[in-house]
């Protein structure tokens, strides 16, 4: 059994981690910390976990995370980087679900996240936890930077096109729609039911923190800097991301075959038949990314539709996928549940 | 492996049965029939099942259900009763998720369902599939009448009170709210998104088909006819039933202890701590019924709050629970998943 | 033109008051105060009002509300009572949309609202602003206590039955469902979209602040104390209240005629034809209360279904109805818009 | 008073027309036809109109629409073109809310709508009812082709850019999201609440009927054929369209000023301040189109955000705006209500 610690488990990625890990046959959750909820039973905060998780949230100061084999950080940005150095030194492996280690250029990170980085030397070591690209490096990683929800859906959608070198990478467009859980479990007015329901809006058009993360990933695929316009939107559903991606084709190729071949061996990427339109609910509660590729009216613009559950493949599920890889377990263990539809 | 057949799997109870059974380690789905969708791959109708269910819907005329150990009917009312006699004769056990065998008084059934009953002699034999009451009889049953969604939530809520004989059973009130999936996957105007969203209404106040079913169950508990006012409502959510039950106390008892003791050994009934208010999402996708009992202001009215997922404990999950019992499997096998929250 | 002031207009009753008053032909909005948003243009906080409301929120300290003919308080409980005395002294009439003046028994008020009352002598003078009962007194009132949203729907539903003296008033049941806007525009976790969507729950079963208000109203109708069980629920819609009311009949009467006659001259109460089920959306955005009365299976239990828009007839619309009465304007002026459906 | 007839008023554009016209001070609704609902009171089908519309639906064969001054067709495609010739001959003016007269190239129309056109000679005469472009021609028109919902939001968003000649019109992208009412009030599975709620999907990527309509409009602005990729999406809200538009800038201009000047005199187009993100709810129930223009990171891609209520500015409201113009009434008469928020 792998001894697991969770830092900061009171948000939606936290409860989703608990849902998955509490059903994982090779995991024993040792501790889950929360300064604010210390002493509260997990099942009191999340009644869905009654009878499954007997732990209480504990104060970070009172728990020896060094005894864990792996620690997940489901914290706000800027927390993990304060604690990772000592955990690694103690031999603990770390998976950070926040953004602290996602961006390799520390100056860029500091600009977008508005704080100095506490351990820039570890940024270089950290492996970006997108198994479809970095599987081998993840297996050996001490520190995994779990990708953001938007970046996962966008990168998996663009990947085959950019790797194949068949699109104009200077003018990529990612029009992405997220369910409201992506904004987290913080008490804020704009995500109240009466604000976000029966409503649709874009946000962060001038610049969103996931832009540099996506741009880095796509640039790595292209082996040169890409130009990307990224527009996130809030859509009135709980879970789900739908990325609609646009690129100009520079070469004629069988796009359907290209996508099917690229993802033929990927357990969590499902390329739909030609002409399909994936729905976010078809991956609800699952670790899948479903993708369809279109070339409307045979023109030179390719349209990719990519859907994930932002809390699973976009966060907690992918984190457990990374853990499975790091501990040489079957990659799909405990994250192979069927989506919940309807 | 238990060979399973499903008749009529194109509705929401059908896809939910498929979700559960495709993850059941002791089940092999032999066939799923649908006159209308014959030849269509299950995964084309329900993309959530891509990679999990390889079957196509087949024409009922072309499949030998007699080879199955058990057949589930997820059909409209009036279908199962046409076919059960021959299946039982062939040694197949049957679980009917529709209403054909739920009501023992055939005349009552015929009045509420508006058709003559095709095999009244089997009505007497059929066991009402509420394990919390009829567990032992279900184990040996050839034919199980799986309870309706409203009846499950209401009966489990009233059960401890009526069994204990501490309420006025002549004036029970069940005010029950259902998610829209309870209306099925039929194309109808009143369940369109633009009709049912951001809206709330009662329906069927003069009389709903689940009324005689609930009244029969409660009368059995009371060992005399009960008086029940049952008002169902449509609420803008996909899954979930919330029953708010009212009864007048005739005796002073510790209600919390009464409920906890009655359900102490029930794997799928969770009595919440005193003062709780269960949410439907706390059982979403799970086979649980969560219950809280209140006595507002210490008056003589007891209020019971009972929540289920109408497609799981209210339909497909309970059907699999019954199957597990019938085949001497662990009762919770394949229906023990954690609820999906948020 | 009536000079109007609004104190505390940043919540949902505030923006709804602004929507209605900005279209009222006899009203000039002089000032709207908000300590927190002072200096912010109303249209920046509520873009729906761009081009309609040119005002900025102003600091309460910097505005002379004494120059207004009427001041609406759309504030949290406990604010209006601090300021009403001086406003009345200055000849300003006051409509309080909060609870400060709703309950005549000051000790009861202080118990449920957890604070001492600042001007108990004005509680007696205040008129409870339910025009269907107190129309004549409202016309002459200096101070109107605008009813709560639950109390409006529940009282209008029970009114004909209790006035007629044909039900057992010792055991009334009000099972009421509210849209999430009823919880206000405060940043709180339990009303986040990802918490309240696709979910249904009761709350406040042990006791809710609207219980004493409703009980007072019903007791006045009955001319003796009534017994009431009141269970509020949160339902995933923005606007709307649906009250399902249960009472035991003590006399045989033509219920349909009773209701139609009682409300024959009421511009904002619509008794539906026998057998109807009102939907909350049928009153969305309007000042109407639609009511249906049922006697299921001809038994002795009467079921009343009563729907309102909690922000209009349950708050801002009723407040303007009261203002129209107080200023001898046509009662329906500016609140006679058609509901928005779908 | 203008005598108005409505053909086919049982869908969402029909009920919205009735909501608006029943509050229009210069209109008298003479008749509303529906073959299927003939004899049914309008208020029975749409309870929101109780007390406002006293008409019954009548059989098209039994009503003399020739007596009307104007007839609205809120029918499926292909109906209006059967009846327009004789109505025009009788001196009746016609506003078609369906697609029969929107596309000037009859061959293109016949390809996308799959039927021969019944009166191609009238296609040339028909005026495309987008007042922001064709106001003067609409005033004199006998026959107005009311624009589609997607085309309205997309054309108003692109208009200033294309008129100014500052974008590459060969590679325009319109990523558009619609509420479910846009699919109409037909009983279909994919728009059921349990299918469309908590879900997001693209549809019609290979080709949607609004594509040629939008392309025609944009090409007219550009005075040459444009290249357009149009991807519509279904989002779980009742009303609202959000168009996110992408174009490559070919010239440096002050975009904010360009948009503000173009729409300075338009009563129903509201250009938001720089940096804004319009929400669909900010126009709910109103005839407004709110627009924001962005140039992310100062790059060469312009992003326009354009929101409308699909049933108002995208259908019935714009139809009444056209009627107002045709009858020399104030353009905003009866369509100047404030949006309903929340």
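Each chain gets a letter, A, B, C and D, in the order it is written, and its residues are counted from 1.
Simple rule for what comes next: contacts are C-beta pairs under 8 Å (C-beta built on N, C-alpha and C of every residue); 3 or more make two chains touch, one makes a residue touch a chain.
Worth saying up front: this structure is predicted, and the values here are computed from it rather than measured.
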Reaching subunit D from subunit B through chains that touch each other, fewest steps: 1
Selected interface, A-B versus B-C, where C-beta contact pairs are more numerous: B-C
Chain located farthest away, centre of subunit D as origin (C-alpha): B
Centroid distance [mean C-alpha coordinates] between subunit C and subunit A, Å: 45
Distance between chain centroids, defined by C-alpha means - subunit B, subunit C (Å): 39
Between subunit A and subunit B, centroid-to-centroid distance (C-alpha), Å: 36
Contacts with two or more other chains, residues of subunit B listed in rising order: 12, 179, 181, 185, 194-195, 197-198, 236-239, 278-279, 281, 284, 342
Residues on subunit C engaged by subunit D in the complex (per definition of touch): 12, 15, 19, 22-23, 46-52, 181, 197-198, 238-239, 270, 272, 278-279, 281-286, 290, 311, 337-342
Residue ranges of subunit C in contact with subunit A within the complex: 12, 179-181, 183, 185-189, 191-198, 236-238
Contact set on subunit C toward subunit B in their complex: 171, 173, 175, 177, 179, 194-195, 197-203, 205-207, 227, 229-231, 233, 235-240, 242, 244, 246, 248, 275, 277-281, 284, 292, 294, 296-297, 299, 301, 303, 305, 307, 342
